[in-house]
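What follows is chain A paired twice: with chain B in the first complex and chain C in the second.
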Partner chain A sequence: MTALLQVRNLSTYFHTQDGVVKAVDGVYYEVAKGETIALVGESGCGKTVSALSILRLIPEPPGKIVSGEVLFEGTDLLKLSQEEMRKVRGAEIAMIFQEPMTSLNPVLTIGRQISEALELHQQMTKQDAYKEALRLLELVGIPQAERRARDYPHQFSGGMRQRVMIAMAISCRPKLLIADEPTTAVDVTIQAQLLELVRGITRELGTSLILITHNLGVVARYARRVYVMYAGRIVEHGTAQAVYHDPQHPYTVGLLSSVPRLDEPRKTHLSTIEGQPPDLIFPPSGCPFHPRCAYAIPKCSKDRPELMEVEPAHYSACWVALQKPTPWKKIS
Partner chain B sequence: MHKYLLRRILWLVPVLLAVAFITFSLMHLVPGGPWDREKALAPQVVENLNRKYGLDKPLFVQFGNFLWNALRGDLGVSYSFQDRGVTQILLSGLPKTATLGVIAFFLAILIGIPFGMAAALKQNSAVDYASVFFATIFASIPGFVLGILIMIIFSVVLHLLPTGGWGNVKHLIMPSFALAALPAAYIARITRASMLEVMRQDYVRTARAKGLAERIVLLRHILRNALIPVMTIAGPELAFLISGSFIIENLFSIPGVGRLFVQGVFARDYGLIMGSILFYAFAVAIVNLIVDILYAVVDPRIRYE
Partner chain C sequence: MEKNILIEVKDLTKYFPITSGLIFQRIVAHVKAVDGVTFSIGKGETLGLVGESGCGKTTVGKCILQLYRPTSGSILFEDKDLCTLSENELRPLRQKLQVIFQDPYESLNPRFTAADIIGEPLRIHGTATGKAYRERVAELLDIVGLAPYMAERYPHEFSGGQRQRLGIARALALQPSFIVCDEPISALDVSIQAQIINLLGTLQDKFGIAYLFISHDLSVVRHISDRVAVMYLGKIMEISDRTELYKSPLHPYTQVLLSAVPIPDPEVEAQHVPIVLKGEVPTPINPPSGCVFHPRCPKAFEPCPTVIPALRDAGGGHQVACLLYSTSWP
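What follows is the complex of A and B.
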């Protein structure tokens, strides 16, 4: 399979008054054409920053992409001029943001916000772009599109706004779609609908999808491969199947066991990962997870593990995962 | 919307009535009267004058007479200007005051907004610091100090502009700048703060993620949102400017409404005081109404039911 996007050794730092925050610190991942991958991790682990870095939308200052390559169809996006980069944004790579309530401009109509990208990238006339915007609104399931296109964002519910965001993102048929926690801010009942919508559209258009989430249930259903992020680094990577049933990093094990399950007795306490996510200005020595890790060995606080192939096509940045069998139990 | 407008216009009646009542009461509570002179007039003269102008009647009758005449567009007579009624006097001052006010208003906008924008776009740069510095200076200098300063520079030292009067464009330059300085400083500061606020909104990132050029992001997405708070303060500023400045009009000897009012107060010219105060109240109320309507045009979240 040919990779559409390869992120190599990407590091994005933020310069703050307290010091340099290494939000993304040497991240690797890749997406094949038409493939869906998931980027999983706790809040603040660098998922969003790594995605924004792909589109070079990091506010600078304070942020800065300090190293790495983002190869999109073989071209390093980090080396493009601003002008060339603008032709990629929205047209080749589009993004759905986490916050539908604040991600739409309050003083422009919904129709206008969708049509402006079409005018720009597809050289459509104003009328054609607007007509296409109506079609897209219908496609994402907004009833009475013609009337609703003249409405403003405040007249839409959260779920509806996220549909509008989806319509906007797919309007120019991008090759890659980045969905940054697209369902975090909407009701549970709407979440599944939105994800099904995104899946249906990406399948139809053959669009690759990077799904950023902290919801492991979502990952299992939609992604073929999973990258688990912790403290700005990828700590585990494999097929969704393998990561779920045979996790190779204690952090993933912790994440999986903190998902509530219906098949457990009702009185069981939900297990959590002890401790706090690490300070990204002064990360712990060795493996950044070792202070919270129940399986840590002396080596963990000294040497930082890189991603290693611990099973065929299954990578983990964990010294303990090299021991066979692993001390944690498989999850059925 | 029509209903709202009608209601707002009807509200003008009680507002103006209240203003008239308060002004009338204060005017008569203040010691002294229109006939006080260095050398007191003979009691018989005062009595005759009072009778002539109806000042011998009970106060509520005087107030009632004023209202009745005002309703028909007659604001009464002025004791200092015998040849014309107060309505004519104010109407002769109004064009001057309004011309000056409108010019000063556009100056304030044309100076304030670009400087505020430049400061926000280049935050923490020399441009930013300079803008904030001058905005603070001009917001703190009283109008009469600034007026006298520029008068000294441009009239006394450089002999470029006349110190006062009314007639040609040269007469307008100094007073309009002196009037515009404070609102310009104000508008610049609000523009800067509002731009900085809008620039870090999520929807600006969304606009960039679409691949829009920076110019479009700025004009279509940032500016329209950033100017809403600017409008909030620009409206009252406009009302303030077109209703005339007591100080600047006096300083530059401009025969506008502001100067007439000051003259009226000094002379205890009851008719002129009532007339100019009501004119102010009316101007402020109308401009505020216009601003509120414009609000709904610019910001779709605001709807009047």
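What follows is the complex of A and C.
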């Protein structure tokens, strides 16, 4: 499989009054054609910032992409002019945001918002674009599309607004779709509806998908490969199978065992990851996870581990993972 | 009232009026947020209340606390019906009934220090002053796992998980026998959620507090609850012992909810085909006739649009409001 997108050594910093926040700090990932990958991690770990960096939507100042390459079909997006970048956004790479209420324009009708992108990117006439917008609204399952296209965003429910976002994102048949916590703001039954819809559309159009989420269940259901982020870095990646069944980073081990599972006997006590996520202005020395890590060795506080291939096609940024068998294996 | 029962909610109804007109306001309709809900909570027990947003879970919690005055029904606590008491009569009882809110960013006064926040209930009810007050505040900080030096900090200096601990300490201050936990972990990160769930469990064991645990996360509710009630459009669809409800859910809505929860295991998920519901939750202003779930129900049959199913026992305390399980209907 050939990579559609390769992110290499990407670093995005924010310059604030309190210091430099290293939101994304040397991140690598890649997506093949038609593949779904997941970026998993807790709030503030840099998932969203890395995705916004791909589209160069980082507000500058205070943010700045300080290093790295974002190769999309071989072209480094970070080297494009603003004019060229605008042709990529929406047309080649589209994004579905978490909160549909704040990402839709409240003073334009839904039909107009979708047809606008089609006129700009696909040079359609006004009438054709509007017709296509209606078709898209039907495709994403909005009942009475013709009537609803004349409505404004506030007249839609949360789930329906997210459908509109999906319609808008796929309108120009992008090659890559980035879904940033697409279902965090909606209920479980609506979450299932939306994710099944996205899965159906990406399969039909052969679109690649980057799914950004903190929900480990959603990842297991939809992603083929997983990247786990912590404190602005990728700490583990591999196939979903490998990461869930044989995690190679203590942070992943902790995450997986801290969520109660419906298919397993109920535990009396949940295992937890002690402490708080680190301060990204003054990150801990060495491995950023070592202050919370139950398996840390002296080396962890001194040298920062890079991603290493600890199992075939399974990478981990952890010194302890080099020991075989890994110490957490005995417990689980 | 039975001996082990702490709170008994009977036929609780809360309608919110919708008004129209600027000067001559008139009521044009009602939002039927809670519509005839009956359940009880035992001493030291956790009742999980699950359902989607807008189903009335939070309203039930607020009605029990009398933050909303119910439209009708009764709530028995310590042999008194809370709904009939005046504000003055309620005040001493409020010490026993506390609440933890969902959003730890909005539920703490930003101009109070941590010690002020935790101590506020003590000051209001005058339960402790001077040295006893300071000692109680220090003790509460310790109980919820916060360090003594944090007492003089302001809310913005705490992380989300620590703020939720402050909220818990405040709820504990007056030694309540009952706490409404309204989505207490949904605003927190995954690794922090487990810390707070464990803390709530430990506190219950230590002080014998009963919880009404309101949440939309079915995995968490199974972990923390003794019994679970499922709500939909202001009504209870099913209520049962935890093990029973998750092992053999009876109501089609409960079955759909459980099927929609993704399991964090790719192998399990590869085998699993979720039941995907059509459509969205109807408006509680004009709920469907008969069983409120019938327009979306995969198992609906001919009497469902006309007959309102009562919540009835299907054996062993497992109650369900569904015509599939009743032998006759009028």
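Methods note: the second predicted complex is superposed on the first by the 324 of 332 C-alpha atoms of A that agree within 3 Å, B and C clash if a C-alpha of one lies under 4 Å from a C-alpha of the other, contacts with A are read in each partner's own complex, and residues count from 1 in each chain.
FYI, a contact is a pair of C-beta atoms (placed from the backbone, for glycine too) under 8 Å apart; a residue touches a chain by one contact, two chains touch by 3 or more.
Source: prediction; values computed, not measured.
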Partner chain(s) touched by A:196 [first = chain B, second = chain C, both, neither]: second
First, second, both or neither for A:108, with chain B first and chain C second: first
First (chain B), second (chain C), both or neither touched by A:95: first
Touched partner set for A:42, first chain B, second chain C, both or neither: second
Which superposed partner A:117 touches (first chain B, second chain C, both, neither): first
Touched partner set for A:262, first chain B, second chain C, both or neither: second
Partner touching more residues of chain A, whether chain B or chain C: C
Which superposed partner A:86 touches (first chain B, second chain C, both, neither): first
Partner chain(s) touched by A:157 [first = chain B, second = chain C, both, neither]: second
Touching partner for A:285 - first (chain B), second (chain C), both, neither: neither
Chain A positions touched by chain B in one structure and by chain C in the second: none
Residues of chain C defined as touching chain A within the complex: 52-53, 159, 161-162, 189-195, 197-198, 201, 216, 218-220, 222-223, 242-243, 246, 256-258, 260-269, 272, 274, 276-277, 280-281
In the complex, chain A residues that touch chain B: 55, 57, 59, 86-91, 94-95, 97, 99, 102-109, 116-117, 120-121, 152, 154, 165, 168
Chain A residues touching chain C - in the complex, by the definition given at the top: 42-43, 157, 159-160, 187-193, 196, 214-221, 240-241, 244-245, 254-256, 258-263, 266-274, 276-277
Complex contacts: residues of chain B adjacent to chain A: 200-203, 205-213, 216, 220-221, 224-225, 228, 298-301
